[in-house]
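What follows is chain A paired twice: with chain B in the first complex and chain C in the second.
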Partner chain A sequence: MSKGKSMDASKRIEMQFSVLRTAAAILISLVIAFILIATVSDNPGGDFVTLLTGPLHNSSRMTTIVSKFIPLLFTGTAICLVNSAGQINIAAEGAFFAGAVAATMVGIIPGIPVVIHIPLCVLAGAAAGAVIMGIPGILHVKYNVVTIVAALMINYVALYLGLYIILNPLRDPAAGFEASYPFAESTSLPTLFGNPRIHIGLILGIIAVIAAYLLLYRTGFGLVARTVGNNNKFAVYSGMPVGKTIIGISLFAGCLAGVGGTVETLGNYQRFMYTDFTNHGWDGVMLAVLCHNKPQYMPLAALFLAYIRTSADALNFSSSVPPEIIEVIQAVIIIFVAAEKFLAGWEHKAIVKNSQKELGTQGGE
Partner chain B sequence: MPDKQSLFDGIKIGDDMLTMEHITKIYENGFVANSDVNFNVRKGEIHGLVGENGAGKTTLMKVLFGQENPEEGRILLAGQEVKIANPLDALDYGIGMVHQHFMLVDNLSVADNMVLGGEPVKGALYNRKEARRMALEVSQKYDLEVDPDAIVGDLSVGYKQRVEILKILLRGAKLLLMDEPTAVLTPQEIKELFIQLKKLRDQGFSIVFISHKLNEIREICDRITVLRMGKSMGTADVKDVTEVDISRMMIGRDVMLNIEKAPAKPQDVVLKVRNLDHLNREGRYSFSDISFDVRAGEILGVAGVEGNGQSELSDVIAGLLPIQGGDVQVCGESIKGKKSIRQIRTMGVSMVHEDRMTYGVSRNQSIEENIMADRYYQKQYKKLGLLDRRKQDAESRQYIDDFTVKCDGPDAAVKTLSGGNIQKVVAAREFTSHPKFLLACQPTRGIDVGAAEMIRKKIVGLRDNENTAVLLFSADLTELLTVSDSIFVMYGGHIVAYFPDAKQVDEQMLGEYMLGLKKQSAEEIGGVIFE
Partner chain C sequence: MLNVIFSFDFFSSILRMSTPLIFTGMAAVIGAKADILCIAYEGMMLFAALGGVLGSFYTQNLLVGVLVGVISGMVIAAIFAYFVMYLEARPLLAGLALNTLGSGGTVYVVYLLTGMKQNTSNLQSLRFPDVHIPGISSIPVLGDLISGHNLCVYLAFLSVIGVWFLINKTRLGLRIRAVGRNPEAAASVGINVKKTKFIAMILSGLLASFGGMYMSMGYLPYFTTDMTAGRGFISIAAQNMGLGNPVLTMLFCLIFGLAMAVGNMAQSYRLPSQFASMLPYVVTIIGLVVMGIKTKREETHIKKPTAGSSTEGLEEKA
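Let's turn to the complex of A and B:
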């Protein structure tokens, strides 16, 4: 009986269609993008080329891609982790913000040596992020609060508490605008490739991705987390420590998001200047969907998003196309890629055809 | 298109009513559920559709009932080709289905339930009087007695099934599809059902009777069609074949219908349950004052109609529900208080939950991860703080062999397996942790004969080789009587009978206690306590 073989082939077809689905989604969204550009642009051909290849035209834009890529690694991975455990914990936005605030609180202290000061900032950011993402997890485990609601609310706590701290005790009246005191010299992050805009956060981000992958797929903790996400009741019945794991993974995800906020702030600014959410957390939610919650795909997804964001900047700079168009394109791509049943009809036909072919070859048995 | 309502009017008893030709159905994951199946039902016959689980019986019926679209094949009703797009279509053609899980609203009356979906109205309002009249009429016409005013939630399972049958008769069904209708019934209720079905047959109805219980098929069916691995193994008159013939057609080899097993040699008490109570959310006792012991090297069976407290009792023993009153001890240690399921399991307890897909496995995860779920944290499965994949892989492969799980390998997702193979994965986990006490709830429910046979043998093997104390909950009385050494019966949340020797009992005797017709003396019941 070649049932096993046919199942294998089906898995292969599913994989092919997964790739095909993403490719088709991007293609369709580009067609829509072209139509949109054509309706608003004086030079649709040129602008479309800018959309596709604009980020590669000069090294400054390529640096921008990397710069946009770094924080996405952190928030995207954080959301992958909590989603894997079935927690719709979207507090990565607040955790990222809180991380930036905590890093600022430590970062403006003068007179600490570099080798201690940067780790201290990172630790502070991680701790603040852990608190913000940990709270919804703890509330869910202890009091059965719906995680997404708690996470949504805690985001605002993080935002306004953070803004209060920045705009009151930490506000620099000499800055001339709403910002904190400047960071101490000793907090400026080491840079890579001799490029002042690419900082050590890139390496930390890659480490975060690898750590998250190992945690999820190579440790007992990760096995429990994924089991909880797939079938909570089964996890309970097997004797797994469900509550501890949910809290643990929320805290760890919060650490990652907090560190993301830390390196983003210290790496790109002289002082804390945010006045609202940075949207990195929401981007993380979107990226996690694109990756099916698998951290190993996060660099690819984050790179993709950073690329089209940079395209948007390029278009904005060089043409009459408004950046909102890029937002529309992004949304279309996400919708198509996230739609599991997209192309499902073709996929099913391919599987049926394959199974029938195998049935035919079996006929002689 | 032929006229839906009157399609069956012209045909006589014995004529072909339904013909399904060359049906092929392939699911999304490539699983070939039906392959070139031919199936035919005559007017006025009870036709058994027989096969192991995963053989394609239910799929074939879903195709007929418009719930699945076949890739190939055609359906003829009274000789005319028809397209059945959905269940409403099927009902219009006169095809009705009695599902294993009843489609009834518990807090409505019998009459209300029967007219649901085609309610009589007076103006804009529901006409309750008319509904009552319709219910009574159809009940009298087919000689299936029901009280139209009774509330469905208060009725027994057998009674509910009768309401379900009347409901589809009221909708004008001429061809009744019954998906394992006896799975939830007691022997007495099964007898009653068979009388009703025969009455319907004699009035010209056709019935497709899905089952894998050979004795029932022999008793009730006129003809049978056997499916095996999605293919039809042929159709036969029941009077021309024996049970052994049927089982050979079903699984392609002879099966032992009886388990060989030596008498038990019970030793010390392992599980001790004392005065256990449980109040459910509605504030009613699901069971109360339950006391019994299970000894090492003994299989104690629990019989009872579903809903008499067994599910709650097993969940309390497993630690899934808290102990509210009384005590449960494993080897002298109480599980009361803060004990987590991990702690209970490390006391030497293994458990098979009756709800396999919810508590038994995580369907999206691999076989390996499902097997490792209760032991991944132990030192032997770790290396440098990470999981030792090689060790886990090797052990999983071993268990896949030992338990003959049919799969692509340990990385295959559990959802790609058939029901029997999924239960083998559960067994591969729960039976291999050297349990002192095994809680086995409906361990073979809904799985094929071959897999069930293996699981029963493994349970007996645990008793003999590892001296495990086993508490077996089963709705399958044949299984209960062959596997158990001793049996107690639950009715209304109490133990109403205890039989120290299962060999001295038969289904008929159990049935009387299960229905609450009889109750043993306190002294007899007390025999189940040894300490």
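Let's turn to the complex of A and C:
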């Protein structure tokens, strides 16, 4: 009984330290950011304040936070799902891009009623995303291909195939730059809160997060997926459908990333204009790290990333400090959160002390 | 167009494209032999590319520039190794972080030192020289093929021999392979596993640095933002295709370089270049599948214990 209690306490301390590590990582990164800003800025204090509170200065910037927040929900959740099943499937990058391309292919067709057109675009995006993220999963299960390598490769295939489709059959020569034909009127996403820059993708993103949470933590499929991720051998020997689960979760994650690409393109642009990766997939990897692969924390993590990205915009607007400083902050946060042994000595001491205390009281009884 | 494909220009274009891939591919070979999942090569290459430019600009001495570049790249490798080996960071995440750092940190350094944000094109930094091999350069066809390339092109091919020798013929190479194959067994015979992996990572960083420096001191005469453009990742794929064998890895780097050169040429002929650009990745995927089928068949026919296969090192618990 008391052994169980002390185990719980150790677990609690571990949890506390995982939060502490994240907080310490953010603090260290802010200190580094301040030093970096101080070295290049004429007004370091002002620029540092911009970095911290710039996004809150006016409603336009707060809208920007939300509009940056939406796509991150999708790719972040997608990576949480595949990571939970032990798959380092970073094809979310390609799936996001492919989703945008597929949505464009459907979105430029004129004369479809709104009620069908938007769902069709979303469906096309989801299907394209599922194909791109599904391939590394299938190759891993069927042919024992290393997932991360297959995913890296498939990202480039998605990129170049997508660019080919956009820049050849779908290219609008009248655009004056490299872009597709404009989307049909019937694809403009419904907006929320009367704000033309906040679209229905926000609701879809929240649904994606909830769906992923329910799938992982409230279904048998999710339990198998997490078992595969935690202890692959155990899952194999206990007869769980390991292969099917990996493929299934990769396809579902791909759907989410693809829908992310769809709403991001239709919600923010008049035509397809990407010429390279959008980096949303790699952002998703970072977010999944911050969340420990738990979708329920994704909104918070995505909000944080959207916030500091908006800070970067604000810095770019108001000072000469290069906004890429934000990337340095991100790098520092990821590496310290990822470092399991960072603060480990302290954590270990806390656990030992706690156990000693409990053993002591037990002995006294 | 066919006469273009068989021209000397096209041949040297393949070499130009392949050179950074070969250097970094060799870096990836060492990393894989030590069983380290490192994707931080982009970051190492970017910092080395910038370090080389800045070092050679401020001192106007190529050797000092190279030294600064190499140290810049190796520092990133050391940070990676320290976090992965001693702070037990998951390698994929440490790599992701350092690539992000390479992308943003280099822009910061460029701005801090030069006040520019995009590139260093107005710095008079030095380039690696072109090498005209005396004797060979005067032979009609062979001379044009072999002689007159950038110094780094030759160094890249030498690095293949160097890495092969290091891995197969030296004590250090044996140790690197031992800690990669079976760290417990290596430790039981007194090899310091962490230290050996650390050294392997530093050597890996050294090679990746040359890949980066070639980009800014040979391929182009200046540093630009994100100039490695995924070459670090392509090199990892080449290593994987080459099963960790330096010579095979070099061959796949050349195939990737060929596809890049074809892509460039297609672009200048206003043909859709995307298919050529896509080709190496499709080839890699097909190759991985074929290899997967082959190993699966071997495993089912001969029931042998699955001792550390070359792909095992790349698996990691997410």
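We take it that the second predicted complex is superposed on the first by the 363 of 365 C-alpha atoms of A that agree within 3 Å, B and C clash if a C-alpha of one lies under 4 Å from a C-alpha of the other, contacts with A are read in each partner's own complex, and residues count from 1 in each chain.
The criterion applied here is as follows: a residue touches a chain if its C-beta (ideal position, glycine included) is under 8 Å from a C-beta of that chain, and two chains touch if they have at least 3 such contacts.
If you're wondering where the values come from, they're calculated on a predicted model, not measured in any experiment.
> Please determine whether it is chain B or chain C that touches the greater number of chain A residues.
Comparing chain B with chain C, the partner touching more chain A residues is C.
> A:Ile325 contacts which: chain B (first), chain C (second), both, neither?
Once the two structures are laid over each other on A, A:Ile325 reaches chain C alone.
> I'd like to know which partner A:Met240 touches here: chain B for first, chain C for second, both or neither.
Only chain B is touched by A:Met240; chain C is not.
> Which partner chains sit in contact with A:Asn293 here, chain B, chain C, both or neither? Use first/second/both/neither.
Second partner only.
> Quick one: classify A:Val146 as touching chain B (first), chain C (second), both or neither.
second
> Return the residues of chain A at which the contacts from chain B and from chain C coincide.
Touching chain B and chain C on chain A: residues 230, 344.
> Under the definition above, what is the set of chain A residues touching chain B in their complex?
1, 3-4, 6-10, 13, 214, 218-220, 223-224, 226-227, 230-231, 233-241, 344, 347-348, 351-352, 354-356, 359
> In their complex, what parts of chain A are in touch with chain C?
Those residues of chain A that touch chain C are 36, 39-40, 82-84, 86-88, 135, 139, 142-146, 148-150, 152-154, 156-157, 160-161, 163-164, 167-168, 229-230, 282, 285-286, 289, 293, 322, 324-328, 330-332, 334-335, 337-342, 344.
> In their complex, what parts of chain C are in touch with chain A?
37, 39, 79, 83, 86-90, 92-94, 96-98, 100-101, 103-105, 107-108, 111-112, 117, 230, 233, 236-237, 240, 272, 274-275, 277-278, 281-282, 284-285, 288-289, 292-293, 295-296, 311, 314-318
> Under the stated contact criterion, what part of chain B meets chain A in this complex?
24, 26, 28-32, 35, 71, 229, 318, 320, 340-346, 351, 353, 358-365, 369, 372-374, 376-377, 381-382, 385-387, 389, 406-408, 412, 416, 429
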